[in-house]
Amino acid sequence: MRPGGRTAGQIRPITITRNFTCHAEGSVLIEVGNTKVLCNATVEEGVPRFMKGEGKGWVTAEYSMLPRATHTRSQREAARGKQGGRTMEIQRLIARALRAAVDLKMLGENTITVDCDVIQADGGTRTASITGACVAIADALAWMRKKGIINNNPMKCMIGAISVGVYKGEPVADLEYIEDSDAETDMNVVMTDTGKLIEVQGTAEGEPFSFEEMSQMLELAKQGLVEVFDAQKKALA
Amino acid sequence: MRPGGRTAGQIRPITITRNFTCHAEGSVLIEVGNTKVLCNATVEEGVPRFMKGEGKGWVTAEYSMLPRATHTRSQREAARGKQGGRTMEIQRLIARALRAAVDLKMLGENTITVDCDVIQADGGTRTASITGACVAIADALAWMRKKGIINNNPMKCMIGAISVGVYKGEPVADLEYIEDSDAETDMNVVMTDTGKLIEVQGTAEGEPFSFEEMSQMLELAKQGLVEVFDAQKKALA
Amino acid sequence: MRPGGRTAGQIRPITITRNFTCHAEGSVLIEVGNTKVLCNATVEEGVPRFMKGEGKGWVTAEYSMLPRATHTRSQREAARGKQGGRTMEIQRLIARALRAAVDLKMLGENTITVDCDVIQADGGTRTASITGACVAIADALAWMRKKGIINNNPMKCMIGAISVGVYKGEPVADLEYIEDSDAETDMNVVMTDTGKLIEVQGTAEGEPFSFEEMSQMLELAKQGLVEVFDAQKKALA
Amino acid sequence: MRPGGRTAGQIRPITITRNFTCHAEGSVLIEVGNTKVLCNATVEEGVPRFMKGEGKGWVTAEYSMLPRATHTRSQREAARGKQGGRTMEIQRLIARALRAAVDLKMLGENTITVDCDVIQADGGTRTASITGACVAIADALAWMRKKGIINNNPMKCMIGAISVGVYKGEPVADLEYIEDSDAETDMNVVMTDTGKLIEVQGTAEGEPFSFEEMSQMLELAKQGLVEVFDAQKKALA
Amino acid sequence: MRPGGRTAGQIRPITITRNFTCHAEGSVLIEVGNTKVLCNATVEEGVPRFMKGEGKGWVTAEYSMLPRATHTRSQREAARGKQGGRTMEIQRLIARALRAAVDLKMLGENTITVDCDVIQADGGTRTASITGACVAIADALAWMRKKGIINNNPMKCMIGAISVGVYKGEPVADLEYIEDSDAETDMNVVMTDTGKLIEVQGTAEGEPFSFEEMSQMLELAKQGLVEVFDAQKKALA
Amino acid sequence: MRPGGRTAGQIRPITITRNFTCHAEGSVLIEVGNTKVLCNATVEEGVPRFMKGEGKGWVTAEYSMLPRATHTRSQREAARGKQGGRTMEIQRLIARALRAAVDLKMLGENTITVDCDVIQADGGTRTASITGACVAIADALAWMRKKGIINNNPMKCMIGAISVGVYKGEPVADLEYIEDSDAETDMNVVMTDTGKLIEVQGTAEGEPFSFEEMSQMLELAKQGLVEVFDAQKKALA
């Protein structure tokens, strides 16, 4: 039995609120159970220096936890003077995933930056960020079309993400914090709504995992993502 | 006529939501018009090194704007590797103000840190932070009493803050962004609910201001703060 | 009785020495009692990036205490790798105040930077910095006219600053360190020599202060600043 | 045909030189084709603060590329003043992987730090680092036994790592730089010599990958790792 | 002919003012021609961590140029967030030199830090710093004896420093800025008043120098230092 | 008797391996006894901003110790977030020395950066770096001629470096670590193969040294450098 009473493959309810704040070109609050992430997409003219003149756009992301998003307060990274390794790792993952959803050539020399700020954490903040950020990008691209900055839709597909893992010897989907902190294996899966993989990151936190468990986790991820894509579609309808 | 159609002394509606997030000992979302600040109070055992052994507690604060709380995206301070001067100045102001509300001896050797994170900005983020943080501290102190960490209430008084200024030659209260960015003078006033001053910071952004205008602004602040204290009381009722 | 035997409104002797060092376009040592600040104004062509092409100049300031300007040695900020919050707050105050004294359009696209380095501290270093820096800017502007960089005088007025406070229940002017560290309220007032206010920063360090005390402190500041402007005029004569 | 003329599953020759430098408790130079990484294991008494008193040891790793390990010079991270996101991500991966190989309780309150410095890069530096670091740890543990610091062998298993990917539509093993920079998918697999998985990180750099390709890559990794474990065994014989 | 009309071996007038500021245990302003350096010695209980428990003291130094000590303004190191290589190199030299003058065992577990802040620069700031700092240390040690912290005098000898160089093909002593910036060779010599060498740093800025020139420069340094030691003795008399 | 059984003037065997890595334009591993430094020269178009448009090139160097090049592990400077004073001092020395060997005008507006990374340290790493870097530059210049970037050879002379010192009262050449850490005086001498001096840095670590010892050390350096230049010539033959 899982702590929250869910079955192995059952994921938590997902709520996606668009236009959560008023300034960003795309602003989405995603709630996955008690995990809440604000995903703000900003459109800016121009691209980073290393890409200038290639006629392509850029999509990037930044991730941060508010200091008290968690059970105990973590030091503010701005006060420490640097972003931690975990933050770096996560925002690189989010950015890579989002770039897979967008046709950078169709974007023109424009940059979309998605800020994923975790308001409240209960496991799965990086996957919630990706799922929410994809909706924020959809809104930002709609804004660009409305403003006449682009004429077509550079969105190649929707992408969603979910965490799966091995908890007390059993593969489970969408781990909440209490499970995550105690899981033998933790795996994040990013997929397109066309059923292809963007990123798979599986880590043995305790015991190594078998190829068999790897397959089971992938299968659970695939099933869970059906609901993730549904939640995105409902929000964008 | 002010941009939002308000009279000179009219302040924007204030909404204070307690328990906005679930982990902090005090968690308040304060909305003042379109300005929204999340104020999370954290209680931790111990005090900073320079105070150890004095038998007194400490109250401090950190302030940050989410990168897209504003019309255009500002660079994330954690990514830049340092907090800007404006952030430093504001969080020092908030912390000083809050310390005036708490009897540090009654707090014992414990620290309360209030994180004020601006979700959406439309002028007056530092004064909204102070008003909201004071409620978050009240909740954190109640939590401490409930846990038996303290027996009495170290809260000496409630404190509230408001911005006033001179806009198009006329003293006005509670400037929104469009007024603030164009005001001749900007003044932040922090007061106790017993009618005494904690902090007055008046700055001529354009033209210098007269002693007469100074008095008028203080008077407007005093009046506006009546509603601020009302909003706090209603929230804590 | 005040520690130094002064009356409530009596300020310390002020000495302003021009051309204290030989390289800066304006170089002023200001002594207010035992407080000694070296204010060096540098003229440079060009303006910060965010102002380019607007045809206006810029005035800014930096503030620092030598490590042993105080009773005990404070760590060198360059060695710590960042400027502290107090330094940031003070240099922002100085810079804002100085900009109020200069017509930036008449300055052309040039920048004046005033470095205020505290050689010896005994209270009131930020107000002494403002008073001294204003004289250094006057000299720098004279240098610019002599070099033909500008033809008119962009100085709109002289500005001076003074600290006032409530010490042992009584409003006093120009607090020295021993008073300042023990005062209930500390207030810095920046004024033009035409009697208008540039900045008012009052802080309750201990007890909150009344609106009555606020008025008394402003009045003391006004009186004390008469001597400050006299000292400036004498120095520039 | 692959650029180097290898078949899809063929990996590059691996050379592991022990005692490459004389000071470290374990010092290994691993060469995988043209990729050369120096892995130095250091044994130190004590553990990081957050682990003190738990009676367990710690294993960690740091990773760096010499500035000219690559085709063009990259800026030295020490000169830039911070480690980049890629470095952080990689050294976190290496450290997690190594911890899976060691029984931390048997290690006692001691720390092993493995420094993986890339002398020359031609793809697969992070997987080569893991494979080489595991041998360096084996030597460091032998040193600890010889010194009487520990009595048993905390090594639970050997671990090895390999990169696989999809290059020009075909799954291949052990990508060299020219393939890696052009691959559709890049996946790093860390495995125990008992056939279990420690970490799987697959990333679509260009096109998303199918579940079918995922399986094929895992299979190639498994095969390639046979030779990796052989090379380790030979080196340790 | 040298720019200032001096002969090859002639050094500039030296003025040493003790008790220049009031807080430091030793406070010396040294003027060598137009070069002015404030040397403040601070006595603190305790030693750096790596020396604890050895029963010995420590002497260290920090060096900084005020931003406008030079012809053009240099960026403040505290604002840049790090000390430059030149600063580091110089303060290491000063500290090493000063340690050679003090018997660290007789100092007990106390630390003397000398802050050398260049008020005005005209060549030879590092050598002036050493000469002035030695006097400041003498005063700080006297203060320690007076306070009963030590009973004897840990000063083993006085040390002084001078720059020499090859300017327009001719060895000269005590280069001022205009010579220094154009010299073929620049050499700093630190000596004890007992005629022994502490540090010799000769650098070919333009042309390499011969062993013959090396000897000539050392000879000039020895002669010039006679006057340096005289100035110290006069100041301390 | 010296610890390694060498005579006072006897230097350790020198091995210089060219093309040690494959990407750099010049790549040299220099071994002096147990000291091993990898010197990689990189050629890049352009010069630092402060030199643009002068038609001259630039030569610079960076120095670093791998964390475990020494008996105990030193913290990685990239992880600490800054380069230490020792590193700064050494890389400035190396860069200055190398610039003395190259005619910057003949180099055109190109930059050569030499990265000196110490793989294993046993005394004399900075002098080994200079000796090895000079060979790496020779190779880099040959590469430039081959590529047609330059037509002539900007190498004015070869430069080599050696450490000498006073150990147990006797002047000795080429100190290994065990001597260096215990020497009274340590001196680094950089010379051209035409017998002129580039840099002399002598430091009394313990007792001050006499002018007589200074001469003896210089003489030993001169003799030892004969072998250094031989090793360079042999390597480049």
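Here the chain labels run A, B, C, D, E and F in written order, and each chain numbers its own residues starting at 1.
By definition in this document, a residue touches a chain if its C-beta (ideal position, glycine included) is under 8 Å from a C-beta of that chain, and two chains touch if they have at least 3 such contacts.
Which protein is which chain? UniProt says A, B, C, D, E, F = Ribonuclease PH.
What you see is a predicted model, and the numbers here were worked out from it, not measured in a lab.
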> So which chains are sitting against subunit D (Ribonuclease PH) and subunit E (Ribonuclease PH) at once?
Replying inline: F
>> Please report the smallest number of touch steps linking subunit C (Ribonuclease PH) to subunit D (Ribonuclease PH).
In response: 3
> When subunit A (Ribonuclease PH) meets its copy subunit B (Ribonuclease PH), do both sides use mostly the same residue numbers (more than half shared) or mostly different ones?
Replying inline: same
>> Can you tell me which pair among D-F, A-B or E-F shares over half of its residue-numbered contact pairs with A-D?
In response: E-F
> Which whole number of Å gives the spacing of the CA centres of subunit A (Ribonuclease PH) and subunit C (Ribonuclease PH)?
Replying inline: 50
>> Please tell me the distance, in whole Å, between the geometric centres of subunit A (Ribonuclease PH) and subunit E (Ribonuclease PH) computed from their C-alpha atoms.
In response: 58
>> Could you work out how far the Cα centre of subunit B (Ribonuclease PH) sits from that of subunit E (Ribonuclease PH), in whole Å?
In response: 50
>> Quick check: how many Å separate the C-alpha centres of subunit C (Ribonuclease PH) and subunit E (Ribonuclease PH)?
In response: 33
> Which subunit D (Ribonuclease PH) residues touch at least two other chains?
Replying inline: 81-82
> How would you write out the ring of chains in order, opening with subunit A (Ribonuclease PH) and then subunit B (Ribonuclease PH)?
Replying inline: A, B, C, E, F, D
> Which residues, counting only subunit C (Ribonuclease PH), touch subunit B (Ribonuclease PH) once they are in their complex?
Replying inline: 82, 85-86, 88-89, 91-92, 96, 100, 187, 191-192, 194, 196-204, 207-211, 214, 218, 222
>> Per the contact definition, I'd like the list of subunit A (Ribonuclease PH) residues that touch subunit B (Ribonuclease PH) in the complex.
In response: 21-24, 27, 34, 36, 38, 40, 42, 44, 62, 64, 66-73, 76-83, 87, 113, 115, 117, 119-121
